[in-house]
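In the two complexes below, subunit A is the common chain; its partner is subunit B in one and subunit C in the other.
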Partner chain A sequence: MNPATGYAAIAVVSLASALIGFYGLRVSRTTGDFYVASRTVRPWWNASAIGGEYLSAASFLGVAGLVLLSGSTGFWFPIGYTAGYLMLLLFVAAPLRRSGAYTIPDFTAARLESRWVRRVTSTLVILVGWFYIVPQLQGAALTVRITTGLPPWAGSLAVAVIVAVVVVAGGMRSITFVQAFQFWLKLTALAVPVVALLIVVAGGVPGLEARAVLAPELAFPVEAGPHGLDAYRTVSLMVALLFGTLGLPHVLVRFYTNPDGAAARRTTVIVLALLSAFYVFPTVFGLLGRAFAPELAERGQADALVLLLPGLLVPGPWGELLTALVIGGAFAAFLSTSSGLVVSLAGVVSQDLLGGSVRGFRIAAVLSTLVPLAVALVTESAGLAGSVGLVFAFTASTLCPVLLLGIWWRGLTARGAIAGMVTGAMLSGGAILASAAGATAAAPGWLRPLVEQPAAWTVPLAVAVIVLVSLADRRRMPRSADAFLARLHVPERLR
Partner chain B sequence: MPPGSSPSPVEGNQPPPARVRVTAAGTPRPAAPRAALRLDRAPEAPTSDIRGVYVRSLIRSQLRLGLVFAGGFCLATALFVAAIVLVPGLDAQFVAGVPVSWLLLAFGLYPLAITVGVLYARAAARNEARFRQLAEDDA
Partner chain C sequence: MPESLVVAAAAGVVAGALAVGLVVLLRRLVVSSKELGTEAERATYQTLHLASRAAAHLRGGVGVEDAKRAGRHLKALLGCDTLAIVDPGGVVALEGDDGLRETAAELAAAAHDTGRPQVQRRVPRSGRARHGARETDAVAAPILVGRRPVGAIVAFAAPVRAGLVRATAEVADWVAAQVELGELDASRTALAEAEVRALRAQISPHFIYNSLNAIASFINTDPAQARELVLEFADFTRYSFRRHGEFTTVADELGSIDSYLRLERARFGERLRVTLQIAPEVLGAVVPFLSIQPLVENAVRHGLEAKEGGGRITITAEDSGAYAEISVEDDGVGFDPELIREVLTGGQGGAHVGLRNVDARLRQVYGDEHGLVVETAVGAGTLVRMRVPKAAPAPTDLPDLHGSRASRGGGGAPAPRPGRDGRLEP
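What follows is the complex of A and B.
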């Protein structure tokens, strides 16, 4: 691949993101602008921004790589990422908007009137955010290594610097514009190459005959298809993805920019449609890869399928052009998800530690970029979709149960919430660390899936602990619980 | 449509919901005092009055709605996957070189998720409209 293509695509996307960020700077003046875009963002803008922020390296590169590597198991990731928004719509969107809080710690602290709940929630939000940024930076490292030949750390560093600069300069308002732009960029950057590749494959453009093409029966063997599904792993993954979405810090922060609860619901429905449209394309990429590029199906290499396939199937300048497009889209994915996460982490860190000023927000933004950068530089990616899936499992076992019970159950108490979050964090975090350290290789066969895909048992256990401890602690139920729940569920005009 | 304007298009298309007479336990009160309606101004206001009854029933019906739709989605997904696995021959039939079973699993569940989402948003807005009518009648 021509390195000039890689440099050009990366430069254009970075420059465009920075320009839109600075354009937004002229609009954002007050602290309120900085934090929540003053709650005036329209549903379509907001939905595009949510989609732009949500579609990360795991979606853009990881889904296709996983379909190539392990077949129809890979389909469940995009289905879960999308259906997570359905759960968000059903249980969280409107009430959370009406709560008037800005971050998850704001919400839990107001709901349970407890400083300790706030501290525990903030710690978890920061952990989740950091470990969600790491795969983005690793995706950037992979992209830069493959497309330009530079050492991998250059990619991680470039994304971290751009994100820090854009967030420090513009805050949330400009981020909303950047994110919305990046959703449509990512969609185009996958849709155009997919259509072109399908035309090439169907029309038999010269040069394609030279490639060894797998027979359909070999490219899509029955055991890698729906028949080969592992029921426990699939269900556990779906629990993680469906409920993990509810607790992601950068997802929730977007709902505060809706004008009211009904608009939050409309926005979420639009997001569902946008995500569904987007995920068609990485899925098709994965299917094309199985038939036309089976040699890429190795660990560490499969995630680059989206970047390499256009160049493999379409020789010449058209192939270079398509490659530039997917590189640009991939970079947009790393930039948008990381900057969304950094904005929400900076909000949490600056409100808890630095007094909530614009200056504090900026310092916090830089801090929130440096830590994941350090982690990304010393670790190696073990499949982008898989590592993001583990972050979902952790979120689903910690923040999600407290959020759901806080919205729907008046009996929740501060002690119950803390006990449940700590239990969920220990269990799911322990399982994730154990399988990352390779401890599962020695485990008996029945234990392995339980450790490698823990959400199916850690989420119910966390919920059970919250409910039992809250019931035992019933005298300490916050007195404001009824009024708070009324505020979450009563339409705004009637307050 | 501008998001700030009301009512929402979804609510606007609905026929007015049927009037439901709700009676609180004991004697029905003539009208709740206006101050009790302003929950954000008086967060400690007692919720045992008729307004509180309405609010609790709104929360219950919204929760029930969410659970029904979530359960429906999970059940439909499970049935869909079971059908893909159990219907014979889907693995051996190819469309554009890809087995039908793969295509169904890859693309079949998104329309379901969108449909469930749209239906839920309508039903939730209807619940709120019903509550609004009760609360405004009462005031």
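What follows is the complex of A and C.
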């Protein structure tokens, strides 16, 4: 591959993101007309913005790599990433919008009237956010290494610096439209190469012939199909992905832009459709990879499939162009997800620790970038989709039970919530640590899946602890629980 | 499994462990401080500790459910067998032997009537009394707030000595002081609410007079325009006179500003120009009722009215993380900064009473750091900014906001109020 293509694509996307970040506000409508100024964001725009912020390195690069590595098992990730929004639609979207809370700590603090709950939730939100930024930076490192040949730290550092500078300088705030644009950019950056590759593979381009390296029965063996399903791991992964989506800090913030609960629901439905459409393309990329580039199927390398495949199948300038498009889309994914997360994290940190001043926000933004950068620099990714999946498992065992019970159960108390969150964090965090440290190698066979995919038992345990402690603590049920729940569930027009 | 997570998770676990360790350490400090000191010091600490724990439950008055919880601490404080808190209606909150309820009520009534401590010897106890004693003594002391009895404390012990009588009277006085403090709290809250009600929705008489005059001038020349203006006037007044809710959304507030500016434009014509720059993310943000419109009115009346040829008002609302930044700018005559400072510190209301009201309400709701920021100089126009949290978990549409406002500040717990359990009233 020609490094110049990589440099050019990365430079263009970074510059464009920074410029949009800085000048985004000036583009926002300036008018003398109150009717125009008071138009809220349409659900379509909002849904695109959520998609733009949500589709991260794991979706853009990781899913294809996982399908390449492990066949149909990899399909569960896009299914889970998308279906999480179904849970959001059914149980959370409208009530949360009606609550008026802007962040998860805001919500729990208002619902349970406790400052300790707020602190614990904030800590967890910050941890989750850091966990989640790390794979983005690692994806950047991978992309830069593959496409330009620079050392991997250059990519992480570049993304971190751009995000920090843009957020600190005050850009990336009024970003609904910017994020919406990012979604369509990412979709195009994957869809166009996929369609082009399919045409080439089908022999639709004279003089250009791609030959499958592996015969179909080797490329798609039976044991990599749904037939070889491990029931426990799959269920556990689905629990993690379905419930994990509910607690992601940067997704929640976007729902506040909806004018009311009904609009929040409509937005979620559109998000479901948009994500379903998006995930077709990385999956096809993975399948193409299995047939045409099986040599990439090794850990650490598989995530680069999306970046390398166009160049392999289409030599020459057109291949370079497709590669540039994919690189640009990947960088857009890293930048948009990271900046959305940094803005949410900086909001939480500055509000809870630094008094909510503008200066506090800036300090918090730098902090929220530096910590994940440090982690990303000293470690190396072995699978983007997998590491993001673990973040989901952690979120599902900590923030999600409190959020769901807070919305749907009046008996929740502050002590119950804290006990459940701490239990969930200890168990799922411990399991993730143990399996990451390689402790499972020595463990008996039945224990390994339990440790490597902990969500199926940590989530129910966290819920049980919350319920039991809350029941034992009935006397401390917040006085305003009934009023608060009424507010969450009564549609706005009936008030 | 990615190694990166090892480090990330390890960092998290270490941070968590540190936090837990800190809490344990602090707790240890508090606990060990209990074990330090001489006998007398420990007794003092014990007494004050019990008193402060009881105090938390007494602020709502003697007759409420909470007072019952205070009984446990008071019983420990006096070291008696059974303790009853009796409210003026004769309702007894009893901690200890339940069979003494009636005696407590009778004694309390006597203490109530005389206004002095009452002692009764050899009160028969119910059969399942412990210690085998069939009889006990009782002392009752009235709780006097001002001169008015609000209840009584009855302590049972066998036997009651002079010391306990004195202590009971002292405890009753102390309880009275707590109840008084609670009433003070309640009246302070009520005062604050009254102040907010008084501050909000003051449509200036000038504006009504001017608007009606402008409308009148159109009735003959342009009846359609006059009709439009009357409808705007109706919209504006309906919003401003709205009785329920102390909060509104930025979008609604903008609507009211639109009506206001249309009416003003009837007088100013082309001399009044408006630019809006509103981030759509901010439209749903919750702000105090009528907190932006007065700023616009101030800009029109004091900034542009006096300027020849009129001018431009720019209203911006920006999204800033968890906050919304709203500003109103005019290129009118501007003011002496000293004058504005005097207005905002409450020296004299004068012409800029609207600014002062908004500032006072913002400070009251969000805290002192969220007041108005005014940048101005004579001849250089005026820029007024406010920065408020977008999240307002206060129930914006419930008629009363007693609990929510207190809890929003993140400060102390909301003062418990008699007869109010925080539930949604039908």
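Operating definition for what follows: the second predicted complex is superposed on the first by the 465 of 495 C-alpha atoms of A that agree within 3 Å, B and C clash if a C-alpha of one lies under 4 Å from a C-alpha of the other, contacts with A are read in each partner's own complex, and residues count from 1 in each chain.
Just so it is clear, a residue touches a chain if its C-beta (ideal position, glycine included) is under 8 Å from a C-beta of that chain, and two chains touch if they have at least 3 such contacts.
As the structure is a computational prediction, the values presented were derived from the model and not from experiment.
Legend: residue contacts after superposition of the two complexes on their common chain; A:N258 is shown touching both subunit B and subunit C.
By the touch criterion defined above, A:R479 lies against subunit B and subunit C together after alignment on the C-alpha atoms of chain A. In the superposition on chain A, contact of A:L90 is made with subunit B only, not with subunit C. When the two structures are aligned on the shared chain, A:R487 is found in touch with subunit B and with subunit C.
Once the two structures are superposed, subunit B and subunit C can be ranked by residues of subunit A touched, with C on top.
In the superposition on chain A, A:A437 makes contact with subunit C only, not with subunit B.
After overlaying the two complexes on the shared chain, residue contacts for A:S72 are found with subunit B alone; subunit C is out of touch. With both structures placed on the common chain, the touch criterion links A:E452 to subunit C but leaves subunit B unconnected. Looking at the shared chain after the overlay, A:V343 reaches subunit C, while subunit B stays out of its contact range. By the document's definition of touching, neither partner reaches A:A4: not subunit B, not subunit C. On subunit A, the surface touched by subunit B in one complex and the surface touched by subunit C in the other have residues 258-259, 479-480, 482-484, 486-487, 495 in common. Subunit B meets subunit A in the complex at residues 2-4, 6, 8, 10-11, 37-40, 43-45, 47, 52, 55, 58-59, 62-63, 65-66, 69-70, 73, 81, 84-85, 90-91, 94, 96-99, 101-102, 104-107, 109-111, 113-114, 116-118, 120-121, 124-125, 128, 131-132, 135-136.
Every residue of subunit A that touches subunit B in the complex is listed here, in rising order: 42-43, 71-72, 75, 79, 82-83, 85-87, 89-91, 94, 202, 216, 219-220, 222, 225-227, 229, 258-260, 262-263, 265-266, 268-269, 272-273, 276, 279-280, 283, 287, 291, 408, 479-480, 482-487, 489-491, 493-495. Within the complex formed with subunit C, the residues of subunit A that make contact are 25, 28-34, 37-41, 99-103, 106-107, 109-110, 113, 115, 123, 127, 130-131, 134-135, 138, 170, 173-176, 256-259, 343, 346-348, 350-351, 355-358, 361, 371-372, 375-376, 378-383, 386-387, 390, 425, 429-430, 432-433, 435-438, 452, 479-480, 482-484, 486-487, 495. Residues 1-13, 15-16, 19, 251, 254-255, 257-258, 261, 273-281, 283-284, 286, 318-323, 369, 389-398, 403-404, 407, 410, 413, 421-424 of subunit C are the ones touching subunit A in the complex.
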